[in-house]
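The next part holds the structures, each set out as structure tokens.
The two complexes that follow have chain A in common; it is paired with chain B in the first and with chain C in the second.
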Partner chain A sequence: MLTAVKNGLRVCVLSIKYNIMREMVNKVTFLTNVCFMVLNNASILVQWFILFRLREDVGGYTFREILFLWGLTAASFGLSHILFARAFSLSELIIRGKLDSYLVQPKNVLVSVITSSTDISAIGDLLYGVALVCACRPGVGGFFLFLLFTVTGMAVFTAFALLLGSLSFWFVRMDMLQGQMIMSAVSFATYPDGIFTGISRFLLYFIIPVGMAVWHPVHVMASFDAGMLLTVLGYACALSVAAVAVFYRGLRRYASGNLMEARM
Partner chain B sequence: MGKCGDKSVSMNIKGGCRAGVRFRPWRKYAVIYRSVLMENLQYAANVAMGFFTYFVFIFIFIKLWGYMYRMPGELIAGYTKEQMIWYVMMTEMMLFGSNAASVAGEVARDIRGGNIAYLMNKPYHYTLYILSKYSGEWSIRLPMYALLAVVIGTVMVGPLPCFRLTAVPAMAVCVVMGLTIHAVFKLCISLFSFWIEDARPFQWLYDKLILVVGVMFPVEIFPRTLQPLLKMTPIYTVCYGPAKLIVDFSPEKCLEILAAQILYLTAGGVLMTLIYRRGVKKLYVNGG
Partner chain C sequence: MQAITVENLSKTFRVKRKEKGMRGSLKAIIHPRTEEIRAVNGVSFSVDKGEMLAFIGPNGAGKSTTIKMLTGILYPDGGRVEVMGIDPTKKRRQLAYQIGTVFGQKEQLWTHLTPYDNFRFFGAIYDLSDRETEKRIEELSERFTLRDFIDTPVRNLSLGQRIRCEIVASLIHKPKVLFLDEPTIGLDPVVKENVRALIKQMNREEHTTIFLTSHDVGDIEKLCRRIIIVNDGQIVLDDSVEQLKNHYQDKMAADIHACNNEHGKAEKNGESLNVSLEEILVDIYRSEEDG
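Up next, the complex of A and B:
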């Protein structure tokens, strides 16, 4: 069991390493992608400068908390796209019958699928998130909390993408829905939860898991609460387990696309 | 492109020249436009699948401005809550309805993948071919998103106060001009792919500039010292101008925006042609 986990982790690390090395062949493009993504994210701060000129708080958040919110969203989203970018386009692989090449390899199918691609611009997201939170001077404890929540956020975003993508084993046209739901989650995650009330707030905590990926962690970072911390950890684990279970359940229904493809 | 430039001959869409027929250079672009329009008409249901993302954006802004406006009748930068939300709905409608990103992506793919080598030899100007295709796309998408915006706005925000139905043709002209300017600038950025492998990072910055400064907020919300500067950027002609006319129409403003749009379109067109001419000289065809 331990050896299998060790081997899985080794495959994961090597896969990501080679993905990044492949992208770094053209260094100018690599650096442009990373740097411009940082600039791209930074430009959205203008929106918050404008809103905080109008009011002292937005949705109950101070400017510092908004920076935490953006930092955590960018870092979680970035980390999930560095490590598991293919989970976000899983639908396309299933619909086009491109899973065959992963099934014949003597490796864990899920790990080799989701680590088979890396979004290089996501490095810019991660760097931006870390820089933004550091700029808020969260202290050593706060920074470690941020790192922990970046990992839980990454797990929630990836598991959510995996769940939606796996639905393609049963339903057609899930690729569009997967993309739209993920983009919606990210859009919601970059605004404070205080502006949402009633049913929309309920949906954002339990259907689109933005509350547990970003909002709860930001509340914990602003004022520590052990109960909330455990809730976030438990939710991230439960959602990840559910996503893996749904993927393997769906994989039984997978029919080959009869597509000749080689993976080097 | 210019192979049949003699005015005594004309060319059809397949590139053949027929002697003795009047030269109508725009006909081929009209044919491209019509064929893309018909193609998109077949897939109108696919366009509707994007409504969800549009609704999410609008929903967030309705909630956000609902929070920012705490008293009924309050004005922020001279806009009521309804006008502010309608402004965002109109600017988002133009962005979603135009789908300029896919056009820009197509150009970048053509250049990176080498497909441009085939397309540039056809009897049309490549950039005008892309703009014709783009127009065929938004001709289907934009009315659908406009209808959705009107429904969402009327149900969730309420009707737009002081909306002038008689001014709709003038507004439509400004919207179309804005969409065309937007596409021209996105095309210019995509044409940088002749020099750099991936022009997407520049597209992100341009898109974010348009989104933050023009789509989310009207120019009046920015500090007074910045406003003249912002009015000189493409934002003024691409999204602020048309949306401002829809939420608060005045004939003087309409003329001012149209004049700025004509200037921008001319400058953008010249820039696009220059970049394309320089770019194709950098092209290497490896065969295959």
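Up next, the complex of A and C:
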């Protein structure tokens, strides 16, 4: 069992290493992608800076909490796209019948699939997120909480993408819905939860999991609450288990395909 | 000893049907219509260890679907499959250590990596140690003459070189059964001949069972002794290539004999009839089409 896990990890590490090697083939594109992602993220913060010169808080958040919010969103989203980028385009793989090569390998299909690609600009997101939180001087405990929530946020974003993508086993053209829902999650995650009330707040906690991926963690980082921390951990685990279960349930319906293709 | 046992294997796909034009598209939203297509319908056969079998048929006959069920890619709707004594639906990962697959139309290799890096990756997938992988790469690159391009990225290789690398990648873990789905598609005659020779050599030296689907008659004639023809998801013929040829030569001779007698022509005794396998297959496919 331990050997199997060790061997599985060895393949994952190799897969991620090869993904990054592929992206690094073109050094200029690699560096510009990373740098422009950092700049792109930073430019939006200017708006918040101006806003906080006019008001003391927005939706119950101070500027420091907005920085936590942006840092955590960028780092979680970045990490999920560095390690598990393929989860975010799973729909397309299912619709076009591209899971065959993973199914004939003696490794966990899901892990092999989702680690088979890396979004290189996500390195910029991760670096930006870490830099932003470090700039807030959260202290050692706060920084560890940030690392923990980056991992839970990554799990929630990846599981959400996986869950939506897996629905393609049953419904066609889920790729569009998957893309839109993920973009919504990321967009909403960069605003304070206090501005959302009623049904929109309900949706952002229970349908699009922004609340558990980012808002709750930011509250815990701003003012520690063990109950909230456990809720986030429990939610991340439950959503991941549900997403994996839906994927494997759907895999039985996988219809493959006969399109000519190459592993790029 | 049998490498593959298949009993009453079936697979049905549900396909959406839509009337033509925009109106049909709108209608399909309100009243979606689906149709069941039986891709494989009660197929049974077995393959001995070390045997080289051609599993052929016209497009859409159910060849690829069968191969995908044998390798654990697709779940059958009914029937029983065992490959090297393992049920692919229950122990897919265990089975993967015993089989190798080459899909001529689908690449398994990472195109930006060199064949060497790819082989190292496949070695890790099959839990080989670095030393074992190195030894196997050495052995296979010698046999498949890959030395000149083993350090060139796959995307810069010719199709023939790439297919050789695909085969080597699928052999890295010494599989007991090799599934080849159109392995020579798009290759020039010389490269085709080389690939066939290598497959034959591998079967001889490592006693690998070969399960081949191909539209190329040369692949079938030069590699396989036994042939299974499928159409509409069912087996229509299971015979040796030799027997099939003899049977058709006899049949043609009888037809000519009957035709000559009918027209009162004299028989040409002693003239041997030479029917190619391609002609035989076209005849079988056509007669199946005509029902």
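Assume the second predicted complex is superposed on the first by the 258 of 264 C-alpha atoms of A that agree within 3 Å, B and C clash if a C-alpha of one lies under 4 Å from a C-alpha of the other, contacts with A are read in each partner's own complex, and residues count from 1 in each chain.
In this text, a contact is a pair of C-beta atoms (placed from the backbone, for glycine too) under 8 Å apart; a residue touches a chain by one contact, two chains touch by 3 or more.
Please read all numbers here as calculations on a predicted model, not as lab measurements.
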After the superposition on A, what does A:Phe188 contact: first (chain B), second (chain C), both or neither? first
Return first, second, both or neither, reflecting whether A:Arg22 touches chain B, chain C, both chains, or no partner chain. second
So, does A:Ser101 touch the first partner chain B, the second partner chain C, both, or neither? second
Would you check which partner chain A:Thr32 touches, where first means chain B only, second means chain C only, and both and neither mean what they say? first
Given the touch rule stated above, what does A:Phe196 touch, chain B (first), chain C (second), both, or neither? first
Taking the superposition as given, does A:Leu51 touch the first partner, chain B, the second, chain C, both, or neither? first
Interface with chain A, chain B side, in the complex: residues 49-50, 52-53, 56-57, 59-60, 63-64, 66-68, 76, 196-198, 200-202, 204-205, 208-209, 212-213, 216-217, 221-222
Chain C-touching residues of chain A, taken from the complex the two chains share: 3, 7, 10-11, 14-15, 18, 21-22, 25, 99-101, 103-108, 172, 252, 254-256, 258-264
Given the complex, residues on chain C that touch chain A span 13, 16, 64-65, 68, 71-75, 92-94, 96-97, 99, 101, 103, 105-113, 117, 120-121, 124-127
Across the complex, what residues on chain A touch chain B? 26, 28-29, 32-33, 35-37, 39-40, 43-44, 46-47, 50-51, 54-55, 58-59, 121, 173, 176-177, 180, 183-184, 187-188, 191, 194-197, 200
